[in-house]
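The following blocks contain the structures, represented as structure tokens.
Shared chain: subunit A. Partners: subunit B in the first complex, subunit C in the second.
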Partner chain A sequence: MVLPPVAVVAVFIGLPVGAAIAYTLGKTGGPNSTVALFAQRQHVAHHGVTLGAYREVLGNAHVRTDLWATVWVTLVTVVCVVLLSWAIGLYLRLSDTWIARVVSALSVVPLFIPVVIASYAILTFYAATGFMKTLAYHVGWHSFPTLGYTLTAVVIGEVWVNVPFGVLMMSSGLNSVPNALIEAARDSGASLPRTVRSVLLPMNVIPTVIVATFTGIYVLGSFTVPYLTGPSAPNLMGVSMQQFFGSFNQPQQAEVMAMIVFVLAAGIGTIYVWANVRASKRASSTT
Partner chain B sequence: MKARLLAITVAVLVFVPAALSATYAGGHVKKANAGTTIVVYASGDVNVQNLWQNNIIPHFEKANKGIYVKFIFSEHGTDDGTTLARIGAAVKGRHWPGIDLVDGGLVTTLALAGLNQPVSKATAANVKKVNPDLLAPVKGAAIPYRGSSVVLAYNSDKVSSPPRTLSALLDWIRANPGKFTYNSPNTGGSGYSFAETVVDSLLSPAILKQMDQGYDPSLQSNWKPGLDLLHSLNKYMYGNGVYPNGNAAVLQLLGQGQIWVAPVWSDQSLTALKTGQLGPNIKLTQISNPSFTGGAAYLAVPKTARHKKVLYKFVNYILSPAAQQMIVDVMAGFPAIDIKYMGDSIKQKFQDVSANTLRPTYQTKMGNDFKAAWQQSVP
Partner chain C sequence: MSAVEHQGVALGDLEQAELPVARANRRRRPTVRSIGFHALGIVLVAALLLFMIGPLLWLMLRAFSGLWQFPQFLPSHWTLQWWRSVFDDKSLGNSMKLSFEFAPIVTFASAAICLPAAYAFSRLNFPGRRVLLVSLFATNAFPKIGLYISMAGVFYSLNLMGTFLGVVVVQLIGTIVFMTWIPTAAFSSIPRSLEEAARDVGAGPLRVFFRVTFPLAAPGIFVAMILSFLAAFDEAQGTFLVGIPNYITMPTEMYTLVLNYPEQAAAVFSILLAIPSVVLMSFARKHVMGGKLAEGFQIR
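Showing the complex of A and B:
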């Protein structure tokens, strides 16, 4: 029963990942012989394995700066996306006006715009001659910062790209909270903030965790937004990996960086799994 | 039920590509019965595609009945990585890689890995007309077929007399903060050329020649003074040190008037001027002492390519004055053969910057390390 999917995963995912791990440890034979033929600055293990590539990459101060940039851009983006999508989701849940419906439609628009187009648009919008700066100038704010080609622009882009998914998750999570529960809380005298804190928040934990973890994993490995809107250095790991792989012809170092990003993403994934396990335990204990 | 569905999915995943490649090969064989088909892979921008697809190939096929050229194009070289692996694996296993002639950035990598047929074995007479200096950086295993150079573009509304030498350009940059930038060298050749030219100006000619012709990491410590100089220019760059990604991003800044002077590819900027992406106020000039580097684009014949005799007939045509003239007309490129073989109008046009005087760039592997060194010490 489970054999076909396992075989697919093993052949199309397991095998390449295994070969890549072996390559980062200095094994240049077998499936890695073609990539090893062209690469430069390789660490080759003639016997056993070598950690030379890891030592080189982690010892490189610029890679470490990129790593920190990646971590903080990811954290800021996750916080912004969770707050924004919570706010929009809550507004949609508690209000049924036409404005709410317009907001809900607008908030998913980025889902239908290709990331490349969006990145160029953000770059133009926040450039030195862009709309934001022009507007700020006309209202008297002459020192409005040029955000194009900065990590702030990357954060704006990542938030822009990830908010629709967050809003969809949050609003479906909040919509599944029965009206009766909210009304019961209001009837027993709870204020609106109290209702949100004691009823909606605890019943919407899993969607929140999903939005936070998926956004985090997406931003960690993202390429297009930081490549087009970010600075030359420091930039996110996705861009550095591409540079090492393509421009510097150092695929081994690029794969080591991929391993680092993989470990970070696996850490985020653990939070997701833990939250799910906890929720299902709680569900089974209450029924 | 589920298991059957999955089994079908797996079968589809495995067999559809196999069947497709089988039909692909079948179509190839069918054509081969009527004559000989050679397969060309090229990567680059649409101007390269236009050169092959609408100019060189149709003219060659028309003049040589029975020879067909199948053209595979990869825009911006997105398939270069997989093509490189495909050719590498095929040549090592002594199979036909499915490609007979390669044009693109991967050619020099193939040449240095020893996967190409050496030029000395080429049966194309016109190969002798190319500048032999261009063969050294590729170990004589790739054929230069066109050149393009990096020039200085300036906004004539703002800059009445552009700098003519490198040192004058550096002075101009310091005197006009925020009005100059170049793309990060790992994202495009025009920014790469500026960075290399500044570094080269502080190198001895002997060391520079070694860097152009071979790969010797021990020489790389000589880059330090030049890279430090580039680093000191950060505060005079557009946006206090913004290096956009890609040649096109620089053209965009120039067209918008955000910067006034920038290094650009000659062919790309001439096309941009023609299409109106750059206004008529943008002018081009070359600096001297040293000049910006130029680059030759190379063709590769993988060792296990088929129909080599017919293939070299095609190569011979590409290097003929008629085809070289197309390169000049269609993409504003430079001829790769010595200009003494070209018509008088070309001789006049290129008397200043002929393919022979295009200043060579670092050998490919050296260049890769240079991009890494720039990334780690300049921005």
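Showing the complex of A and C:
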């Protein structure tokens, strides 16, 4: 009974990823034979493997700036999402007023909106004739930058999309910190910041790591947000990957970029696993 | 890829019993009641209104604007003509039809593939159970666009590029985690004693399943189906890669719309595209907001 979904994953994820690894190393046979028929600028290994495709892609200055743009946008987005969802999660943990209910409702709005629409809405909001420019104009700030089609707009879009997940994770994590611990800290005279630093922060490490890793992987694999809101160059690897595949007809180069992104994501994934293992070790040593 | 799809990762243990700590916490929470803290909340609300809601409202206004010049906050002339032009456009109508064909097909295909597995994961203890359950997570552990590029390369050999089935497969990939993890948790939350009791009074295994197990798991399955439907309906980047030029669904149509149509038409189309998400997510909202997310993520 468990076979069908496992088979789907094996055939449509395992096989393509395996084939893509082989293809980027110059193996054009088997499942890669059809794509290899029309691909331009292929690096083919007749014996063993070749790193030619990797050398070409990493030697391309445009791809390198895209790579740095990707790393930069990913890092900034992760930091923003973690800080924002911590702030909102903390507020929700320590408040039970109508304000908290409004904050909680507003912070999950992106769940309801398709990403394509969100990206387009964000583009127009920060465009040269958008709301932010209009507002800045009326308060006399005429030099307010046009953010549409910049990497900043990409960051704004990625943060917008990822905040609900962050808030849901953080508030769930913070809610599982026993009230008694918070009260004990406050009763013994700890200030609010101190309580956060020495009680809530250490008890909410894992949700924080989860939010950071999943946001990071999401940004690395995103196409819609950077495609619609970002500049034509440099943009994120997702966009250039699609261009190499579709417009330039260079699937091998596109797949090399996919591999680079997988490696970055694997690095992030390792942090996630490491944090989990460490936490479960600590849990088993204390109980 | 939709936000929902990405969040779906977290929903695994949604239906499971709430942690006692969380339940106790809800009863009497320590709260901060200083004026400064409330003021901070108001600032937070204002910032969220601007950052989260602002772009959506700004886009909605655009759908009704005849003339709107910088730096005015509102259009100086209102019109409904863009709605007419979108409804009259044949290719846009076609993409709407396609979207409403793909999403249900993908949802039911995903249910047929995953629900039996979900039942097995929850009721049978077999070697490698945990490994297999986690392996399905591969669909969400890869950066999506990289995965789609790899899939597209092999799809040429499988004759799936530009085909209906190819698009179904790409969209299906994004629903697998929802369709296995949430129903697995739903089945697991049903006490076995209920099924045993039914069997004791003489019900056969099929009858037990359809009269006892399935009705109790139905809400969880329903949520999984809503989230899968939306994941398929909102999927843009994989469909774009695999489906063009034959299959342009609503979200993929947005890519061209933004570049080649007047802004107002794109705004109208955005509103139309958002309606199914808003309506269906409202049904699933209670479950998504449940707040038992963190546990599902911890590897044990």
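Couple of notes before you dig in:
As a convention for this text, the second predicted complex is superposed on the first by the 275 of 287 C-alpha atoms of A that agree within 3 Å, B and C clash if a C-alpha of one lies under 4 Å from a C-alpha of the other, contacts with A are read in each partner's own complex, and residues count from 1 in each chain.
Criterion: a contact is a pair of C-beta atoms (placed from the backbone, for glycine too) under 8 Å apart; a residue touches a chain by one contact, two chains touch by 3 or more.
Because the structure is a prediction, the values reported are computed rather than measured.
When both complexes are superposed on subunit A, subunit B and subunit C clash.
Contacts of A:146 after superposition: subunit B is touched, whereas subunit C is not reached. In the superposed model, A:5 makes contact with both subunit B and subunit C. Judged by the touch definition given at the top, the superposed model places A:52 against neither subunit B nor subunit C.
Counting the residues of subunit A touched by each of subunit B and subunit C gives the higher count for C.
In the superposition on chain A, A:231 contacts subunit B only, with no contact to subunit C.
In the superposition on chain A, A:40 makes contact with subunit B only, not with subunit C. In the superposed pair of complexes, A:247 makes contact with subunit B only, with no contact to subunit C. In the superposed pair of complexes, A:62 makes contact with subunit B only, with no contact to subunit C. In summary, superposing the two complexes on chain A brings one listed stretch of subunit B into steric overlap with subunit C, and the stretch in question is 79-87; the others among 25-33, 61-69 or 79-87 show no clashing C-alpha atoms.
Note: residues 1, 3-5, 8, 33-35, 128-129, 227-228, 246 of subunit A belong to the subunit B contact set and to the subunit C contact set alike, using the contact criterion stated above. The part of subunit B that touches subunit A in the complex is made up of residues 2-3, 6-7, 9-10, 13, 81, 84-85, 88-89, 92, 109, 113, 184, 186-187, 215, 239, 241-245, 256-258, 365, 368-369, 371-372, 375-376, 378-379.
Interface of subunit A with subunit B (complex): residues 1, 3-5, 7-8, 33-35, 37-38, 40-41, 60, 62, 127-129, 146, 148-149, 227-228, 231-233, 243-244, 246-250.
Listing the residues of subunit C that touch subunit A in their complex gives 1-4, 6-7, 9-10, 19, 21-22, 24-26, 28-32, 37-38, 40-42, 44-45, 48-49, 51-56, 58-59, 62, 70-73, 112-114, 116-117, 119-121, 124, 126, 129, 132, 135-136, 138-139, 141-147, 149-158, 169, 172-173, 176, 179-180, 233-234, 236-237, 240-241, 244, 251, 254-255, 258, 263, 266-267, 270, 273-274, 277-278, 281-282, 288-289, 291-294, 297-300. On the side of subunit A, the complex with subunit C involves touching residues 1-6, 8-9, 12-17, 19-20, 23, 30-35, 87-88, 91, 93-97, 99-100, 102-103, 106-118, 120-126, 128-131, 133-134, 137-138, 160-165, 168-169, 171-173, 175-179, 182-183, 186, 192, 206-207, 210, 214, 217-218, 220-224, 227-228, 238, 241-242, 245-246, 251, 254-255, 257-259, 261-262, 264-265, 269, 273, 276-277, 279-280.
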